[in-house]
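As written, the chains take the letters A, B, C, D, E and F, and residue 1 is the first residue of each chain.
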Amino acid sequence: MDIRLIKGPSAGTLEIVENRSRLSFKNKRPGALGLVQGKVVEMLCAADIAEKASGVEVGDVRGSCPQNLIILAIVGEMSDVSEALRQIQAGMDEMKNI
Amino acid sequence: MDIRLIKGPSAGTLEIVENRSRLSFKNKRPGALGLVQGKVVEMLCAADIAEKASGVEVGDVRGSCPQNLIILAIVGEMSDVSEALRQIQAGMDEMKNI
Amino acid sequence: MDIRLIKGPSAGTLEIVENRSRLSFKNKRPGALGLVQGKVVEMLCAADIAEKASGVEVGDVRGSCPQNLIILAIVGEMSDVSEALRQIQAGMDEMKNI
Amino acid sequence: MDIRLIKGPSAGTLEIVENRSRLSFKNKRPGALGLVQGKVVEMLCAADIAEKASGVEVGDVRGSCPQNLIILAIVGEMSDVSEALRQIQAGMDEMKNI
Amino acid sequence: MDIRLIKGPSAGTLEIVENRSRLSFKNKRPGALGLVQGKVVEMLCAADIAEKASGVEVGDVRGSCPQNLIILAIVGEMSDVSEALRQIQAGMDEMKNI
Amino acid sequence: MDIRLIKGPSAGTLEIVENRSRLSFKNKRPGALGLVQGKVVEMLCAADIAEKASGVEVGDVRGSCPQNLIILAIVGEMSDVSEALRQIQAGMDEMKNI
């Protein structure tokens, strides 16, 4: 699983994310953009963790087809996005316990 | 084969599964969401085991195309989903015996 | 090449196979379902062996596109399917002799 | 590169090849079916060698899309197909000399 | 991640990039063409770095589908493109810090 | 990166290349056909080198989709194609210098 954190994402980068997800940055430009890429089963787990985190908004960045989930984008203030990414990193292994 | 168990899945996570499978959570929000990802031949075996387990509902989460079977979603109460995932993990090797 | 044998396949598993192949289980529910997954060149060889075996019916389970050969499904009575899968496993290497 | 030789291919196997290539077996059932799978660049080299071989007919077996070249099918009498496959195996390395 | 720098790109090479991106070279032929290929999550990070660099223009070269981000093309004067590529190479690891 | 050189390509091989590229061999049958397969970023670099070489014509052989660049075909007289392929092989590493 690849996790990245972009501080103060550029307008062009946000435009790419906007064009491929349900996220919209028209009213407010986020302070940070977190990106998570991995197996689809991991993305579903990461989405669940991110949505339970506070202060961030979560969207999946689509690839070649609207139904295809490839990358998770997490936006919000720097500290909130950073915290959500840390929770994803920490919580992934726990979900292997069945 | 990747097996994951999400306890108390968030509304957004269930929405992703609903949009890509024949499962519906409108009437009842499941206590747990089990996910299984692997080769198509393994998914067919896992689906067979899960359908014979009790108390769970099984659906395949589609990828880029409706005919493409990628991930198996198993929903129900926590203990039932957990038990079904354990049966899948235990039963997969047995099906290699021809 | 992955070979699997499902004893007494569930109604839901047979439905997945029916929806993605030319096989039909409306009149008779098969005692066993054999699955073979591998390279396309191997699937063509496996199909040839299975069709020459007795007492089984062979169909290819399609993926995202009707022309796409992904998995071979072999149905029939338990002993016949088991025997066909053994013949596939045994006969694959012989076809490498040119 | 995977090379396979099917002796006396079954009617069902020939039907799969017919449905996915420009080859037709309506008038004459071939004694053997040679299959070659590999990188597209290798398939183009193999096609060139096979077409220069005598007594065989060559067709590409399409995958999910008509423009996509995946597998080469070589049909004819057993000895001719076998000889063409041997020429492909022997001639591939020579084409690396630039 | 693969990074390449083409000095004085030919008309045909620029035409390929023009046909698959939003970049246009009708008014001015760039002195250099930088190319970056990698995971989608890396391409988003690289795009962000390149857009913050000075003197270059950035476009994503699409693959088989307009929504599919495969390669990043960075054009401008030789020294500017070279500097942007060096910033991408240097800055990628930093974004792993969450 | 895979490089191949076909001496005196057969009519059938040229037809495959014609059907999948903008190259046409109706007026003149080339003495040799060079093929280059690799990462898209490498194909763009190879195309640039080949177009700057003398006496050859360059086309990209498309895969499943017209926008998808998979293989580079270089045609011309034997010595020219051979020289262009050698320049590609020699020049690829140089473009890694940023």
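Note that in this section a contact is a pair of C-beta atoms (placed from the backbone, for glycine too) under 8 Å apart; a residue touches a chain by one contact, two chains touch by 3 or more.
For reference, the UniProt names are A, B, C, D, E, F = BMC domain.
This is a predicted model, so every value here is computed, not measured.
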{"item": "Partner chains shared by subunit C and subunit D (touch criterion as defined above)", "value": "none"}
{"item": "Touching subunit A and also subunit D, the following chains", "value": "none"}
{"item": "When subunit A is superposed on subunit E by its C-alpha atoms, the rotation angle in degrees, nearest 5", "value": "60"}
{"item": "Chain centre separation (subunit A, subunit F; CA means) in Å", "value": "41"}
{"item": "Distance from the mean Cα position of subunit F to that of subunit D, given in whole angstrom", "value": "23"}
{"item": "Centre-of-Cα separation between subunit E and subunit C, whole angstrom", "value": "47"}
{"item": "For subunit C, residues contacting two or more additional chains", "value": "63-65"}
{"item": "Cyclic chain order when read starting with subunit C and heading to subunit D", "value": "C, D, F, E, A, B"}
{"item": "Complex contacts: residues of subunit C adjacent to subunit D", "value": "39-42, 44-45, 47-48, 51-52, 58, 60, 63-65, 67-69, 95-98"}
{"item": "Contacting residues of subunit F [partner subunit D, same complex]", "value": "2-6, 9-13, 16-17, 20, 33-37, 61-65, 70-71, 82, 85-86, 89"}
